[in-house]
Every structure is written in C-alpha cells, then in structure tokens.
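Scrolling down, you'll hit the structures one after another.
What follows is chain A paired twice: with chain B in the first complex and chain C in the second.
So, the complex of A and B:
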C-alpha cells in the first residue's frame, strides 16, 4: 500500500486520537522501526499513541475498514522481531497507557494498563508485602502487554511459572475492534490461556489483571564456582534430582563470565570455568534445610568457592554479573546474536558439548548463559561484523543450535518468542497439521489476518482456505498483505 | 436401517474394537449407538474420519466419572471410550515430565510417578478419573491454591480433531513459547473441540512430609441460635491470614456441611520442614478455636460435597464470605466445600431439591454475586432441574468461543450442546 493511501486513515486517526497522538513524520517514525532484534527493520506506515481501550478499538476498526495490518508495541524490547512494524500498516504503541488502575491486596491482584512496566507492578505492591512474580531480565523497561504477548518468563519461572500462570483476566481489543473480557473465572474455553503467548496475533491487550504473590519469608542466594561447566551441570542435576525446586538456578560459562567481568566487574571467583547461581526462597525453615542440601551438593560436585548472600545488597552483587550478561558480551565482541532454545535438562551436558563442537568447527565463539533448571539456553553467538562472512557463519551456528534443541526434544524458543525471527523454524518443530490447527485459532480471532500478520507462522494462509498442499505464491503475499520470512 | 448398517461397517473397517452401546453408556441421559475402544491416536483419527464421512456425532469418555457433568448432547452416535489408551509412555524423572496416553487413570499415573519419587501436583476429586477427562473438565482439588489447575501443569498435548487431523502443541520441556498453546484451549473444553489422546505434564518431587492443620469454626454472634443469618465466626480473617501466611500452605479448604451450622477449615503444608510450618499455621488458627495437626487429611479432603446436584462457584478470594452468606441466605440445605483461598467452591444440593427451588437458587445466587465477579456454573444436575436454568451462566467472550468452535468443529459433531452457550 502506498503512502498516498495511508493519508486518509492517518487523518481518521487524528480525528479519533488528536493530532499529537498520530505520527507520520519519517524522522519520528524511525524510532519505531525495530524492536530488540535490531537487524530486522521496517519503517511503520503510521504510528498511533492511544490512551484508552476505546481509542485502540476505534483505531482497529478503521484498520478493518481499509484492510490495514496493525502491530502492537510495548517497550520494543522483544528479541524475536514480534513488534516489527509494517510499512503498509499501523503501529499501535501503548506508551501512553501506563496507569496502575487498582491494587487489591485482599484479593491478591492488580489491574494495570498494558504499557505499565513489569517492575512498576512490583514497586507498587512491595510495601504491602507482595510482588509480581514473573521477572524477565528486561523488567525495568518491558511492558506487561509485551509480557502477555510473549508469555514472558524470567530467572524465577522455574518455581513460579510464566506470565500465563499469573494473569487472571485480560481486556482485549479483538482484531475486529470489539472490546472483550477474557477471564479465568468465566465458564467456557480458556481463551485467556490461548491469548497469552500469541505474540499480538489475536488482538491487543488493553487491561491486564495480574495475580500478586506474597513475598517469601526468606530468600537466600548462593554463588558456586566450578572448574568447568560439566561440574556445574552435575550440581544442577543433583539439586533437581534431590527433590529441590529452587526459585532460580542460573549458569554462566567462562566466556560469559569474562564478558560480565569486563562490563560490570562483578568479581566472580577467579579461575571459574562456570558459575552457578542458586536462589532459594520460602519459609525460613524450609530454605535453611534446602540451603544445607544445595551447599553439600555443590561441594560434592567440585565447587571450589561458595558465596552466600542473605541481604538484598549482597544478592544484587551476585546477580549483577548474570543480569548484565547479554549486554556485556558487547565488551568482548563487536557483534553477537542472542539465541534462545530449550532442551530437556538432562541433555544439557550433551548439547553443550555439541555447541562447543559447532563453535570450533565454524570458528565462531559462543558464550553460554542459561536458566539451567529448566534447560533454557541463551547461547550468545559472537562475531565480528567487519569480517567478511563472519555474520553468515554466526547465523549458521545459531541456527544449528536450534536444530540441536529440536533433535533433543526441546523447543526453538523458551521465552523470546517466534516473531519474524524463528517462523522459518516452526515447521521443523511442528507438522503442517499442527500449524494448521493453530491457524484455526488465529482464523477464529482474526479471519482477515490483520493483527500482527507475518509473525509466528511460516506460511500465512487465508482463513477460508481448506488445509492441504500449498502451491505457488500465496494470495496474501501476492497482494502485499503478507510476506514470507 | 441400511444406512445404520453402512455406518457400522465403516466403523468396523477401521479395525478398532466397536461394540453396540447399551443403556449404561448414556451420556447425561442420551444413549449412543456404538462404543469404540481405540488403543492409539491413529485409531482415534481413523474413527474420526469415518465419523466425519457419515456425519456421526461423537462424545469422548474417560473414566465416566463426570459424564453427567455438562449439558446432555443434542445427539450422540459414537462414544469414544479412551479406556484402552492406557499407557504411560515416558516418565523422564531427571526432567520431571511425564508423557501419557489420555485414558490412563489419575490413580495409575500417580502410582507410576510415585515410584520415581514424583507426582503430578493435581488432586483428583473423583476416583477413576482419567488424564483426558481431568484435562477436558479442568478439574483440580485443594492444591490448586499453590499449583493451579490442569492447564498450569500441562506442557504438551496431542488431539484428534473432528475431521481426523492429528495435532500436537507444546512439547517435553516446561519452558516453551513456540506456537499457540492448544493445551490451554483444550483444558476445560468438555470434548467439544477434539479428542485428547496424549498429554505431557510437568511434575514435582513428592514432598518429604505433609501436615494438615484443622480448626472448627462454630456459629457465632446473636444468630448462633440458628437460622439463615448464622455464620461460622472469624472465617474471613482466618482465610485471609492463611492465604497470606509465609508458612506457605499448599491448600486452604473449607467444609461447611450445613449452612445453618459451623464449618471446618483445613490447611495443608508440604515440604521438608512441614512440622515447623504446621506449628505456625496452628498458631494462626489457634485464635479461632482448637487447631489440630495431623499427618493424614480430613476424611472430606478432595471429595466433592455431593454428586447428583453439584455447582461450582468462583469468586475473588476476599469475597468468599460474602458468597457463603449469600448461599446461606437462600435457605436450602446446601453443603459447601472447596478451596476457600483460591476461591473455587463446590455446592451440593439434595437431589430432591425440586425444579422451582433449584432454578431460584441458581438465578438468585447469580444475581447476588455476578456484580462481585462471582460465577456460578452447574456441574451436574438432572435434566429436569435445568429446564429454566442455563447451566453455564454468562461468559463475556461467548461470541469468540463460538467462532473457535466453528473453526474446529464446523459440523457440530463433537459433544454438541454440552458446553457454554449451547456449544
């Protein structure tokens, strides 16, 4: 669709939202051309900054009138290109919807607008002795709307689960522009569960009711340094095998530690080939017992140094290196790819050995940071973008890591989502029948495929179409309404 | 008759064991014509393809423990009995997951997992319930307070759709956001979207120790002499205290056998330090009566309060007492039991309650509690009681639900009429 044809909808949006809430100036549009996956860039056709569900619904209805695709955007920290805009469409940004509408400690819930940041919820309820459990590392900036779309997790999801386990109700604007409530208390299909994690393809969340979690009586954090990653892995297996579910178990390898040292001088034990961070929380007596077990296991697995944090400051010191890891690799490599894959935890040693082999074969360094407790790997694939061919080799290594995950019965994404980045891997993990069945849900919500089209699914399909063999260029692609990635 | 024979032949051709139905196979009073006993997902798919070809209405059945839940099907030709899908396929202890066929009973599953020191942290209200039936009705017991419902523990699912398509979503890892989560959609779908043939769950280690702490709350206040306004004293503060307790109970349950009398509140703590935490809970409860710590659950733990006429009430936790008052005010001999901190309460009424009283009870409670966020559904009730009552009550997303049903089962052949809004 040409810019000419966007003029009329832009004018309509201005009527609806006011002049200041509609952006069409190319310089200002540039701010929104990518999310956290910065090598995919598209200038949005129009950006709107609505302030209410009603405004979003009105915008979506206009999009329907003109057949314009629309994409929701929170803070744009997504790492799979989920909020990548459409040149022929509208980007609906929730940055003006940042109100915490109610906090209800008695019912352990809060109602917030979608642009509220993850951390802001915890900050609003901390004094009451509560917090919002899912804690993505990006929690200072990422929005609850983005969390809902990605079903975000965090270091503590091993024990506490993901966004989907902590959202009690949503108000959404459907892809037709209706305002609908999806609630876990309502009878009927669990559309709330289906919506969470659908990456903005089933509509836009405009109000989120979250569950608040009681702050635990005790939190103890322990850092264990090992000679190598095998020893660390052994400790993880023994902890989980011993019937302990820690709040978090995180691991970093030597290269990741090196990067973190360079970036934030986290002062992890010298000579460590791997560090393990184990956080235990809960009733004091329970934690004390588990702590004894975990220390014993770490020592038996060969830990040469243990550090224990009992207060928030010490805890922050231990976490600092881990939390900085993604950005830190920038210190040791001009460019990098953040990968996100999952393997059954017991296959971790085997998979890490294979990653190491891949790394040597292709002459590409890989730093490993992972949520070890649930087998969620975040290999950081390092390369020099000035070196010819290095980027391609890094892509190959990164892709082969996903193949490893699939081969071992895991997943191509544990928390960053499919977006545009991984849609081409979906057919390696799922059959056509699986994907067609997921598309039935999509078609029920969004028969015209206007809500964040081109994300998740490798092959867009018209909803009237009978599943079966796909031939030639898809009509949606031909008409410019969808693209293959 | 000829068509009938034709259909039977086609079903037999699948190679799946088929038998003629008998009166005992009726689904909420509606008798099917045949019962099929498939052993694999592929056999279910073959049955579904034949059913599609011959426009047969299909109802899946597991242990049959909740077949009287939900509305009677508009029609029912073929009952797919999942009893022979009875294999636990893989228990990966190191990964804390289990992959199982849907016809495995929850008891069998628990036995298998227990051998490895693990469990599926779902309590099963009814003996004989299967994995598939538990998912399809989204049933959970006391520990839903800590672990949630089947949807929160289900990480992968295999289903067969109305046209015989076999689809999977999720997988064998707990952390996984690839694609839509069909497991969520099928949880609580009452057999109206497809047949669940396999499930993968995340597991938990069996806690080293468990303690139940129980306290009786007598009727308090001037109304203690009886009548509708009597109420178990202190219930509200006690439940709020327990829910917020850093002793972290896994469950907080209420048993209120007679709405004119007192109630029992019981909490469960699990872990290595269960006894110490039980003492903390006992102290909390001690303000309300004599609290006892036991190593065994109270006799009523996990069991539904009744069978034939059973309702479920969901309401935000701080409003539980308002809900209980509203129930008592209706002056029917109701028995209330359930997860008072989470708040999902079951209400049983005597089977001879009578249609007018039942209809008034349901619509009255919906009127009293709807604006507070209360949702009352009729899980089980004979057809003659529900002539004027919508079993499910309102759902704001009903139009979207209908559209989902339309996509998955355009011919309305899967458990038609059993679900919300006549889906």
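So, the complex of A and C:
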C-alpha cells in the first residue's frame, strides 16, 4: 500500500487523538521498526499513541473502514517479533496508558491500564503485603498488556503459574472496534483463556484486572555451584522428584555466568560450570524443612559451594546475574539470538549435551540460561554479525535447537511466543489440520484478519489472509463441525 | 559519532523506565533506545532533521540509562558526540541561537555571572510580578529568573586552608561557577569540613569553569579549552587530588583524560578528581560528629549517582551523624529536570520533572533536603516554591557535615 493511501487515515487519527499522538514522520516511525527481536524490522505505516480504550476502539474502527491491518505494542521488549509493525498498517502503542486504576487488597485484585509495567503493579501493592506473581526477566520494562498477549511467564511461574493464572478479567477492543469485557467468572466458553496468549491476533487489551498474591512469610534463596551442567541437572530432577515445588529453580551455564559477571559483577563462585538458583517461599516451617532437603540434594549431586540469602539485598545480589543474563550477553558477543524452547525435565542433560554438540559442529557459541524446574530452555546463540555467514549459521543452530525440543517431546516456545520469528516452526509441531483449526478460532474474533496478521501462523490461510493458498475446503468445514464467518 | 558504540545497544529496552522523558511522554523517540536508533539512522546517512535534533535536545543527559543498561552501552559518550554533531549540522532558530549564546557566554564565566547577580537580586514580590511576564515573552528567560536563588554575600576564600590537628592529606578544591557565585556558603563549608578532617586545602584563585556546561551541550571546543586551563591551574597549585563538591563538574573532570588528546590526556591522567563525599568516605572520619536532631531527605544528583556511581557514600556520611534520620525519596533515580542547562533550554519538560520531584521530596516529610549539586538545588527549590504552601530548606552535604563537626546544632541552609 502506498503512503498516499495512508494519508487519509492519518488525518482521521489526528482528528481522533490530536496531532501529537499520531506519528507519520519517517525518521520517527523508524524508531518503532522492531521490538526486542531486532533481526526482523518493518517501518510502520503510521504510529498512534492513544490514551484510552475509547481512542483505541475509534482507531480500530477507522482501520476497519480502510481495511488497514493494525498491531498493538507496549514497551517493545518482546523476543519473538510479536509487535513487528506492518508497513501498510497502523502500530497502536499503549505506552501512554499507564495508570493503575484501582487496588482492592481485600479482594486481592488490581485494575490497570495495558501500558503499566509488570513491576509497577508489585511496587504499587508491596506496602500492603502483596505482589504480582508472574515475573518475566524484563519485568521492570515490559507492560502488562504485552504480558497478556504473550501469556508471559518468568522464573517464579514454576510454582505460581503464568499470566493466564493471574488475570481475572480483561476489557478488550475487538478486531472490529467494539469494547467488550471478558471475565473468568463468565459462564460458557473460557474466552478470557482464549484471549490470553493470542499474541494480539484476537484484539487489544485495554484494561487488565490482575490477581494479587500475598507476599510469602519467608523467602530463602540458595545459590549452588556445580562443576558442570550435568550435576546441576541431576540436582533439579532430584528436587522436583522429591516432591518439592520451589518458587523458582534456575540454571545458568559457564558462558552465561561469564556474561552476567561482565555486566553486573554478580560474583558467582569461581570455576563454576553451572550455577543453580533455588528459591523457596511459604510458611517458615515448610521453607525450613524444604531448605534442608534441597541443601542435601545439592551436596549429594556434587555442589562445591552453596550460598544462602535470607534478606532482600542478598537475594537481589543472587538474582541480579540471572535477571540480566539476556541483555548481558551483549558484553561478550556483538549479536545473539535468544531462543526459547521446552523439553521434559528428565531429558535436560541429554538435550544440553546435544546443544553442545551442535555448537561445536557449527562453530557458534551457545550460552544456556533456563527455568530448569519446568524444562524451559533459553539458549543464547552468539555470533558476530560483522562476520559473513555467521548470522546464517546462528539461525541454523537456533532452528536445530527447536528441532531437538520437538524430538524430545517438548515445544518450540515456553513463554516468548511464536510471533513472526517462530511461525515457520509451527508446522513442525502441528499438522495442517491443527493449524487450520486454530485459524477458525482466530476467524471467530477477527474475520477480516486485521489484528496483527502475519504472526503465529506459518502461511496465511482462511478468512481472507491472502486467499487461495490453500486448495479445497477445510476438513472441519467439510465435515460440518465448523463454519466460516 | 561512533558506530561501534551505537551497535553495543541490543534494543532490550531496559533503559526505558529509567529515562525521564520516557517517564513523561512514553514515546520511543524520546527514550535512550529510540535516541540510539536515531543516532544510527544519522550515521547511516539520514540527515539531521529538526525533528531528530529535537529528540536529542530533549535528552537531559542524566545518565540514568547508563546505570540501567545491562549491555554496558556508553550512552554518555554517545550523547556527547551527538550533541556536538547537532551543533555542527543543525541550524537552530534565531531565538534559540540567541538564548544559547547568552548562556554559553555567561554561565561558564564566574566574573560575568557575578555581574548578573545584580539584576537577579530581586525581592520575592518583584520576582512574582516579573516571571509571568517573562513567561509570555520567553519561557527560558522566565525559568532563568525563577531558578536564580536570592544572592548571598560574596565570600572570598583564602588560597590555602590549613588542616586542623595533624595533617592527613593535601588536596585541591574546585570552586565552580554556579556553586561559587550562587552558593558560596557551600564552598566555605567544604573547605572547613576538609580542614577539620585533617586536610590542607589548596584553593587556586580565579579557577574558571571546568567545562562541564559546554561539554554537556555539544560545545566541544569550549569544553576542551576550559579542561586544559583547569588542569594547568591545579598543576601550578601543586596538587594531584582535586576535591569537587558539584556533581556535574566532578563527572566531567573525571572524564578529562577521555575528552582530551595526547599530552593533555596524559596530564589529565596524572590528576585525580574525587567528589567530596567519595573522598571523605574514603578518608574515614577523624573529627567528632556532634548531634543534629533532623530528618533529612537525600537527593541523588544524576551526575553523582549515575555518572559517578556515588550513592552510598553521602548516605553513610549523613547517617553517621548522631540524631540524624535519613529518608529515601521515591523514584530517586529519576532526574529533577535541572540537568545543567536543560531547565533553560527545555523549560516545559524541566518544569514537569521538577514538579514530580518536589512532590516526592515533600512526601518524605523530612525537615531538610540535602542536594549535592547546585543545579538540582536551584531546580528543586524553584519547584517547591511554585507549589506555594509547604516549603523545605535545602542544604549541601558539606553544610550538614560542617554543622555537625562544628557542633552548631542546626544546619544553616540555602535560602529559598
């Protein structure tokens, strides 16, 4: 679509939102060309910065009028290109909508606008003895709207669950511009569940009611250093196998430790081939008992140093290395790909050995950081983008890691989403019929495919997304189990 | 502009919530990540449009993003290089040019600044009348009049202050431009505290500006000239350590070796610049601390906390005073909006940030605000004055220590 055709909608947006809230200058537009995943870049046609649900609904209705695709974006920290803009469309940025609308401690809930950061919720309720449980590593930056779109997790999701377990209700703008509410109390289909994790393809969240979690009586954090990943992996399996559910259980390998050390001087034990961070929380007695068990297991698995943090400052010191790990690899490598995959916990040592093999075969370094408790791997594939061919080799390694995950009965994403980056791997996990069925859900919300098109699905199919790619009728439609809208 | 430094940014966005303009406006172009993206566009051939220059001008240079960045991006270096590029490439509007000329021909020159004290010696009544009028003509001029503190009596510092008791060290002292002219009491207190802690203090007369103001505004050549002169002045004074009580000056002087080239870089490397709080914490207490029954809110100046990493030392020094209770200001890492000349060139944004800071300072309920940078002191004082009702006296860390060491029982504060 040429820029000419965007002039009229841009003028309409200016009427709706005011001149300052609509960006059409190419220099400014380009600063929005990517999110946290920088190797996919598209300059948006128009950027709008609305300040209310009504404004978003009005923008979406104008998009419908002109048939313009639209993409929602929060802080732009996503790692799968979920907020990659459309050159022929509108980027709807929620970063100005960051009010905490209400805190209801008695009913353990807070209502916030989508641009509020994940950590800001915790900060607002900390003095009341509560916090917001899901904690992506980017929690001080990433927005709750983005968390809802991606069903974000974090280190503590092993015990407490993902975003979907902590959102009680949503106000959304549907792809045709209506404002509707979805609530976990609604009888009938779990539309709230369908919306969370839909990566912006079912509409835009404009108000989020979150569950507040009571801050635990006791928190103990333990850092165990092992000679290698194998020993660390053993300890993880033994802890979970022993019936203990820690709040978090995280592992980093030598290269990831090196990066974190360079970035934040976290002073992890010298000579560690792997460190395990285990956090236990809950009633004091329970934590004390579990702590004894975990310490014993770590020692039996070969831990050569154990550090214990009982106060927030010591705990922060242990976590600092882990939480900064992604961005910290920037210190030891000019460029990198953050991969996100899942494997069954018991296969961890085997999969890690295979990743190591891949890394050596292709001459590409891989640093491993992962939520060991639920088998969610975050291999960081390092390369020098100035070196010809290195980027392609890194892509190959990165792709093969996902193949490994699928082979071992895992998944191509644990928490970063599919976005644009992993859509091509979807067909390795799902059959065409599976994917078409997912499309039917999408079409029920977004029949014109205007809401974040081009994400999740490998090839556009059904309901108007470049018709004609699929020949014939969808099997579900044919069998009378589903119909087109 | 150094492409390698630009490419260190991995676009993670961890800097966004630390950036005052992103906090105010929530727009990518006015965040560190967005500005680095703009720098890259420019290096790759996009001309310096007025829009682009505007986003660079809107950066306070507070360096909070440098603290927040996990990838170690040198945004401080990048924005300095970029500001110089803006000055080279961007043609400013005539009124903006005129204002900048006035500021750069005035502030870095203590003698000219002294001459300005007369017209600024306005009583509260005149000030209230004149500011709204100036606001209509030029918001920057109004900001200038609003910020200037009432003038205190001029103080002539001796060229050397002898250590009390046994001498532990000999140090040079920077008097600064704004500090020296608007807050001479702070310099007096600094010299006294150092002497009471066992230092011979050498104070070279007619030191001139250290170059911070120019460097932070892209006036590269003026900055280098001032830096060379400052080095020569202290070399002549025969000291190898310079104690600085103004955060902005200290952070620039610590960078002299990087800003200058060749012989001058070497000479810069031979002199050590330390902040007053940093130096006193390192030296350890010698003199007796007398009680000060006060609750104190400590304000982190960006050029101390972010640019020099000095956060714990002033807090430790203050907390060590018997009877003194220290309060934390929420959002302490966000700039007050002073940022050198920012409040003169970007008065609206500076005002919003000042109001935000004033609200949080007052919320502490403290008896006294401690600020270790003259710019912050003027900015926060002005913001609190605008609010009317409540007021809170302001003092420099040096003045609080001075009061405790001398057993005054109260802190002689900076008049609002």
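One rule holds for everything that comes next: the second predicted complex is superposed on the first by the 463 of 485 C-alpha atoms of A that agree within 3 Å, B and C clash if a C-alpha of one lies under 4 Å from a C-alpha of the other, contacts with A are read in each partner's own complex, and residues count from 1 in each chain.
Operating definition for what follows: a contact is a pair of C-beta atoms (placed from the backbone, for glycine too) under 8 Å apart; a residue touches a chain by one contact, two chains touch by 3 or more.
Because the structure is a prediction, the values reported are computed rather than measured.
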Partner chain in contact with A:38 - chain B first, chain C second, else both or neither: second
Touching partner for A:216 - first (chain B), second (chain C), both, neither: first
Chain B versus chain C as contact partner of A:84, first or second or both or neither: neither
Which of chain B and chain C A:277 touches, first, second, both or neither: neither
Chain B versus chain C as contact partner of A:141, first or second or both or neither: second
Contact breadth on chain A, by residue count: chain C or chain B: B
Chain B versus chain C as contact partner of A:420, first or second or both or neither: neither
Chain B versus chain C as contact partner of A:334, first or second or both or neither: second
Doubly contacted residues of chain A, that is, touched by chain B and again by chain C: none
Chain B-touching residues of chain A, taken from the complex the two chains share: 104, 106-109, 129, 150-151, 153, 157, 161-162, 164-165, 174, 178, 180-183, 185-194, 196-198, 214-217, 237, 240-241, 243-245, 282-283, 285-286, 288-290, 342-346, 371, 374-376, 409-418, 422, 426, 429-431, 433-438, 440-445, 456, 467
Residues of chain C defined as touching chain A within the complex: 7-14, 16-17, 25-29, 34, 37-38, 41, 46, 49, 51-52, 69-72
Of all residues in chain B, those that touch chain A in their complex: 92-97, 117, 138, 148, 151-152, 159, 161, 165-169, 171-182, 184-185, 187-189, 193, 204-208, 240, 243-248, 271-273, 276-277, 280, 314-319, 373, 375, 377, 392-401, 403-408, 419-421, 423
Contact footprint of chain C on chain A as seen in their complex: 25, 27-28, 30-32, 34-36, 38, 49, 75-77, 93, 95-96, 98, 115, 117, 138, 140-142, 262-264, 324, 326-328, 330-331, 334-336
